[in-house]
Every structure is written in C-alpha cells, then in structure tokens.
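Read from first to last, the chains carry the letters A, B and C; within each, the first residue is number 1.
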Amino acid sequence: MAKNKDILKSKTKYRSIWADIIGVTATFVIFILPFYFVVVNAAKSTEDSFRLNMAWPKHWMLWHNMKKVVSDYHWHILKSTYNSFIITIFSVAALVIISGMTGFVIHRKRNRVSSVANVLVLTALVIPPAIVPTIWVLQKIHLYKTLIGMIAIEVAYGLAFAILIFRNFIATIPKEIDEAAIVDGCTGWNLYFRIIFPLLKPVTITIGIIATAGIFNDFTNPLYYLPGEDNATLQQTLFSYVSRYSTQYNYLFSDILYITAFPLLAFIFFNKRIVAGMTAGSIKG
Amino acid sequence: MKIVRNSRFAKVLMLGLPAVLASAMLAPSAHAVTELTFQTWNSQDSRDKWDALTAAYMKANPDVHITVNYVPGGVEGDALVKSELASGTMTDVFAYNVGALMQAIDPVKNLVNLKNEPWMSTVNSGFIPSATGADGGIYAAPFGTAMGGGILYNKRIYAKLGLQVPLTWKAFMANNAIIKKAGIVPVISSWKDSWTAQLFVLGDHFNVAAAMPGFESKFTANKIVLTANPATMAGFAHLEEVRKAGYYNKDVASTTFAKALEKLALGQGAHYPMLSAGIDTIVANFPTKASDIGFFAQPGTNAKSNGATVWMPSGVYIAKTTKVLDAAKAFVAWTVSKDSFVVQNKVVPPSGPYFIKGAPVSGNLTAVFTDLYNYMQGKNTSYPALEFLTPVKGPNLSQICVEIGSGQKNAVQGAQAYQKDLQKQSQQLGLAGW
Amino acid sequence: MAKKKGIKSPYSNSLLVPSATLYMILFFVPTILSLFFSLTRWTLQSWQFIGIDNFKLYFSEENLRIGFRNTIIYAVVTSGLKVIIALYLANFLSTKLRATGFMRSVMFFPTLVSTIGVGITFSILLDPYEGVVNHGIKIVAALVGKTTDGPGWLVDPNLLPILSVAFVDVWKGVGIATLIYIAGIAAIPRDYYEASSIDGASARQQFYKVTVPLVRPAMFSVIILSFVGGLRSFDLIWAMTGGGPGFISDVVASINYKQYTSGYYGLSTAGNVILFVFVTVLVFPLSRFLNKKEVVI
C-alpha cells in the first residue's frame, strides 16, 4: 500500500482513489458480508438467530455457543478435528515429497518411462476416479475405512496436479546444477534430496497450501472411503450438523465458524506467503 | 477404571507375561471384560435411547463393555451399513430398519438367525413377516415402537373450526377448504427434507390393501401396473390434488422436517402428512403444545374401511462376522426385556405400542399415542406399510413425490417414474419376474 | 550393469516407485476394474456378468438427461464466468492501487474455506422466504414501489437452482483463477505496455491489445482447470440442493452417488465409466484446441 513508491500523475491518482473505493466496497459486499453473516449469527442466542438477519447480536454469546458445539455429543467434534488433522498433515507431507521426486525424474529423463508417465499424469488430471472399484480394492488390502487408507487416497488423487507443477518448476532449474552434483558422485535419492529438493521450496509451499486447503476441505472422498461417525472428518461432521441443528442456526454457524477458524488462522499468519507463492508464476497448468 | 479393548489380546498378555506386569498394565478386575460393539443411527432420539440402554446394560453386566458407533441416517447410513456388511467390518450388534431395507442387506448371508432365541415367543406376531429372510429365518429383534403413517393434525384448529376427523379423502379436502378460508395453511409439507414428501403415497397402503386383496405378492412378482389401478394411483393423485388446490404452505420447497413440526405445533398449519413419531420432536421442542396434536389415518374412498398404515419398529441384528456371539445374543435378549422398556420409557414416553407382549408402557403419553393405539387395537383398522411386506422399494420415491407436489410431473408421470425405479431396484436385487 | 552404455542413470527410477505404486493401486487398477465391473451386477462380495444392461438402464433413465444437461451447464457457466471475471479482476488488481494487497487476500480467502460450510451458508442466505438475499430484494423492490417475493434461488423447479449453485461456485473459486491471471500478467514484459503508451493507447486499449493476447497461457490453465472441476463437481451441489427439488439440479456425479447409496454398485460403476468417457470426450479436444491456439500466438 504505502510501500508503493511510484509517483503517479495526479489525474491517474484521482481516478485510482475512486477505483480504490469502488473496489474495496465491492470486495467488502461480495466477499466479506457472507463471513460477517456467519459470525454475527454464530454469536446470537437461538431465538435471536432464528430471524437469520444481519443485525448485531443482542447478547454476544459466541463463546457459549462454541463451547456447546465443541462439547456436544461427547466432544465428537474434537475427534473429527483430530481425524482431519491427521489426514491433512500426513497426506500433504507425503504428497509434496513423492510428487517432487516424480516430477524431477520425469522431467530430467527423456525416455519411454517419462513419456508414459507424462501421459498418465495428464490422464489422472482429467479422468474422475472409479469410486466403487476403489472401495473394493481398499477392502482387499484392508485399508477401507482407515485413516491410512484415506491418506493414501488423498495422495494418489493429488499426485497428478502436484507432479505437473513440480515438473514445470523443475524445468526452470538449470541442468548444470545436477551435472555438477553428479560429478561429485551425488546421484539417485541423494541427488534429489540433497541438491534439488531444497531449491523447490517456493513451489513446495504453493503446492502445500493448495493441497492443504483441498484435503482439509475434502468432503467427497471421505464420504466414500472413510464412512462412519468415528472416522468422520470435520466436513462430514458439519454436513451432519445441518439436520441436527436445523432449527438452531446459532450452533450451526458456530460450527461453520469453528471449521473456518483453521484456514483463517493459517491465512492470517501466512497471508503474504500464500498470495506471493501463488502468484510467483509457479502455476503454468 | 481402565478398560481392556480386546479380550483375546488380554488373554495372550495374561498368559505370556509375568502376572505383575500384566496386572500393572491391565484392568484391576479379576477377569477380562467382554468387548461388544454396537451401531445405531446418530439422530438425537436414537442417541438418547441407546446411550441410556447401553449404560444400563453395562451397569447390570459389569463384565461386558459396549462401544457404540453412530452412523448417519438416510441414504448415507444405508450405504454405510451395506458396505460394512460387505467388507466384514460391521459391529457385533446393530440397529437397522426391517422390511425392504433389511432384504437389501441380504440377511441370509450377513446376519445371525434369531428364530430359536427364547425371547422370540414374546414378539408380537405382526412384526415377524418384516424380519423374515428368504430362507424363513427371523433376523431381528424389534426395537422401539410402532409408528403410524398418516396425518398429524392440530386439534386446537379442529376444535376452533368445528371440524371432524375425516374418514374419506373428500371429507379431508372439505376440511382443508374450511381451514384455508380461516387463513390457516391446510397441509404442511417439507420438501427440503425430501423423505417427508412420501407420506401421501406410503401412508395410503391401508387403503390400497383394502381395495386390492393379495396386493403384496402380486406387487413383489411385478404383476402390478401402478397407473392401471385407482387404488395405487390415489397417493400420487393426492400430491397433485393438494398442489392444484393451493393447500400446501407457500414455503413448502424450503421447509425442513423440524420447521414443519414447528408450524404444526404453533398452529400455523392444520395437517402434516407424517409418521406419528414426529410427535417426539414436538415433545422435545414444544412440550406445552404436544397435547394439541393428534393423529388420524390417511383417509381413502370408503368411510367404512378406515384404518392406519403402520410402520414396524426398527430391528436389532447380529452380524455373522461377530466373534462374541453369546455376548451379542445376551445383549439382544436384554433389549426386549422388561428392564430395557423401563429405561426406554424413561428416555421418552412411547409414541406408539411396543412389539413385545407385555412390554410396560409408562410416562406422559401423548394424544398421538392414544390415537395410534386405538387404530392398532381395533378390528381391521391397521395394516403394515408396504415396505414391510415386500423387498421391492424404489429409492427415488421421495424425489418423485417432490416432483409431483411441485408440479414438475403430473400424478401419472410420477407413478410411471416410480414404476421404473421399482424395476431398477428389483433387477439390481436380482428378484424374479422383473 | 552391462546394458547398452553401462552407466547407471543418475536419475534413479526408484524415485518413481512411491508415486507409481499409489497411482497403480489406487487409481489405475480401479479404473481398469471399473470397465469390468460396469458390466456386472455387483454386491462387492460377488458379481454376475450382465453385459451392457447397466448402460442400457442408465441411459433409459430420464433423469440422466437432466444430469448431463446440468453437468454441462454447470461446467460451462462456472468456467466461463471464472475465466472472464477473474481476468478483469486480475487486470484491476495488477494496477497499482492502495488496496490491492487487501483485495487480493480477501478474494483468495474463500478458496481456503470449507465447501460444505460455504454451501450451507449460501443455502441459508438464499432461502426464498427467510434468506437475507431475498429480504434485500424485497427492500429494494419496495423502494421502487413494487412488491415481490424474490426468486426461489434453490427451490424453483427450473434451471435456477443449478445456476445459483454455479454462482456460489464462482464466488468461492474466482480467487484462485484471479491469482493465476495475476501471475500471467506479471510475466508480461513491461516493454509492451511502455511501447503501447508511447503510441498513445488508453488503459482500455492496452488491456485488449496487450494484456488479453499475452495472458492466454494463463487463461488456458484457468479454462481447463475450472472446466474439469466443473464437470466433476459434487460437494457444493450436494450441500446446497441435494440434486433437488426432485431431480432438477442433479449432475452426473450426484446421480452416481445416489446409485451407490442404493447399493447398485455395478450400475454406479457404469455411471462412473460414462462420466469418464464424457469428461474425456469434452476435455481432450478442448485442450488440443487451446494448445493449437497457443502455438499460433
């Protein structure tokens, strides 16, 4: 904002103030009002929230409502928070590690393996997964309805996009760097993890953020592959609360707020990084 | 007290490790606790009941520990139960629907036959057909109460307008006209929860069965064309007729089950085609209004043959994959014992009769209970719903009913679509004649 | 190693093993299996081969027509709007305004939050009688002397429900498309703009003559990503309308889910095969076409 050192012509400056005002107002109405709506209704009493309007709460009951939502049904939401975190952390970690390795090899190796791999990656990016047969396979290998199975699925489904972006980014790393390392006897896994992986930090962060948001908010895949209340992720829990709290909107919105708090915190702390990382030109499709 | 999760594991440890170590690691109790797993729906009433029941059972049987797994209701729950049975990961004991939905989980293959259990003789014979598998085995113990499928109505409005409980559909529509004139919504419906839209069709089975004796076997054998009989068309036609008369609440498409009950309880609407158990939600949310609500059977064409379509209670099943069959059987036997009913009555007063002979009934009984009880005690004034008499039941009926009610389809198109839905389901189940 | 050149490649194939294993077991094998199981009546425990009956049944379903129609409408509307709106937003946010950083962040935030949460919130905002949106419409209508109930966004028995969900999808997803464009615009060399302003081009002319043609690679990414996403979309629709009222807002993915919950595993798998053929037939030619265009430029 104030860092902007360019001195603009006064005419442009005048126009840009208006653009600022209109832009900010529009952004506010379109993007912030829905969040405002969630927050004020999460803070109301049940009777107050029944009217579903934008008015400020008569009594600020956010803390009370949150406590109720969190402690409800034997603290069920904590169990699903745990499930969501385990799935997200492990699958994102596994995803960035193995897709980076793959992107590296299929970019550097110009042979049949890599051209087949490229086709497979594009196919996986487009084709929807075959759901029931996947359930059948998971049952056969005893991973159906397990967190490990769910993690494996999230990684498998996230591979194509991650590999593609890693590969494109690796294309910008000069091959001379590998060659120098190879001369020093650094090959295979060492070459990747010692030399290349550290250079991938920006793109790793970008992919990590996209994958975290995608996996944390994934509803469909746990619906199929990780059913059951014990296994429920936060998204599943939220969905089931719609009918549970169908006349108690304050609790429903408190639940939405609870679930949104995690990305919000991440966003507040990493905002600059996220937007900078996303715009760093690493996404080339 | 620490609880041992797996008795086998406990035994191995006991035998294999020095006693000191074992006693330090394990529960201080003298012998291992039997672990039993149980699964039921996660709805509030189901939770309240089963939390109380399992707690009471564990108190009476300290050597058993029951872990309860809750699953969603509706189609998500159906899918889950099917996949759990198919993958051998079902809990030892579980609660699920009887009737067509039980047939869809292949009881002969997946469930333990309970026909020779000592308590089976106490089960009301009306329940048996809906829990019987293709091999004649009986697979479920009844849990909960009967429900009537018909019309919940606001008695206060009826008294104010001087209306009589209608015995024919014509009389019902005449009542509706008067109610509308009085500025009250005649028929509440709630299509946001689309399952609630089916009641006009499903609740009409008493009338279908009265008009067409032997209907169920013909229906199961694909010998019925829905559009060819006035009786089978009636339910679909009602949906259309009420729409054309403008009797639904204007926000019907965005109304939920809970909202609809609220409208009924507060007297904003006079009728709600619903299961009698809807009263439980009113008791919970509007306790002072519960006595305003009554129940009557969905009226047909003939005032002389008037009766309620009755839903069976749900069933308690034992999965064949259980490793603690005796403990599972003991628990199921207890759920149909007097002690169990005492606990159930305490949680919520029954909204209909239990299906165990001599089961005690107590608590603040509602008018809905009395209305339903009278239908079930009368001669030829109640009949099971179709889904408890045949394995054929299309999963898309609720959406089709919404389509008719909202005018996307007329009654005939709706019935045709449902016939196709039945055909698809029967073919997928591999039933003969489809 | 006595093969060909006798030198072991420094790029070890073993680095491919983890991803190849997961891909094979959890994606490739099930996809191949789906070709077989779509020809069966299947209980997960046993199957019975029934030829193409599932496909016949699937295509005989009148609601499937609605499903395909909605899937295409949804994909075209969401990707089309994202492509256009995000381009203008990115252009606006690439100018040197004070609030750019703030607006970028705010716009991006919805892409991080729960789709289900967004779906629930908007279905309440869009409630025909109690929703804030229609209350607002009523107030505005009253100001100009008219009375209206406002549209039944999610409950009218016509195209409106699927379009309403599509708009919410755009709301949630436009941020990421905008960032892709911003990256694309940032990569355009400044010389082009300087040259054109020396020629006396207005900001508007610069946008159409410089930005739009040169941002095409980013545009194609946005098109393909959002189009594929739109064709496969399920969760937002399921959370907002459940495919209803009736079947009016069903898409192919929600139909497949309903077949699955009914225990029609073979049929649901056939639906999956149909969806994948459908997506392939639409997306690969589209991507070919776009790639060709890119070469021309």
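One rule holds in what follows: a contact is a pair of C-beta atoms (placed from the backbone, for glycine too) under 8 Å apart; a residue touches a chain by one contact, two chains touch by 3 or more.
This one's a predicted model, so the numbers in the text were calculated from it and none came from an experiment.
In terms of the stated touch criterion, the partners common to chain A and chain B are C, listed by label. When every pair of chains is scored by its C-beta contact pairs, the maximum goes to A-C. Put simply, the C-alpha centre of chain B and that of chain C have 39 angstrom between them.
Rounded to a whole number, the gap between the C-alpha centres of chain A and chain C is 16 angstrom. Listed for chain B are residues 76, 79, 83, 86-87, each touching two or more other chains. In chain C, the residues that reach two or more other chains under the touch definition are 44, 127, 130, 260.
Chain contacts: chain A has residues 135, 139, 223 touching two or more partner chains.
Looking at the complex, you find that chain B touches chain C at residues 75-76, 78-79, 82-83, 86-87, 104, 106, 109, 191-192, 194, 250-251, 253-254, 395-396, 399-400, 402-403, 406-409, 417, 420, 424-425, 427-428, 430. For chain C in complex with chain B, the residues that touch the partner chain are 41, 43-45, 48, 53, 57, 60-62, 127-130, 152, 154-157, 242-248, 258, 260-264, 266-267.
Residue ranges of chain A in contact with chain B, taken from their complex: 73, 135, 139, 144-145, 223, 227-230, 240, 243-244, 246-247. Note for the complex: chain C touches chain A at residues 8-16, 18-20, 22-23, 25-31, 33-34, 37, 42, 44, 92, 95-118, 120-122, 124-125, 127, 130-132, 135, 171, 176, 179-180, 182-183, 186-187, 217-218, 220-221, 224-225, 228, 232, 234-235, 238-239, 253, 256-257, 260, 265, 268-269, 272-273, 275-276, 279-280, 283-284. Here chain B touches chain A in the complex through residues 42, 44, 47, 69-72, 76, 79-80, 83-84, 86-87, 89, 193, 256-259, 262, 285, going by the rule given at the top.
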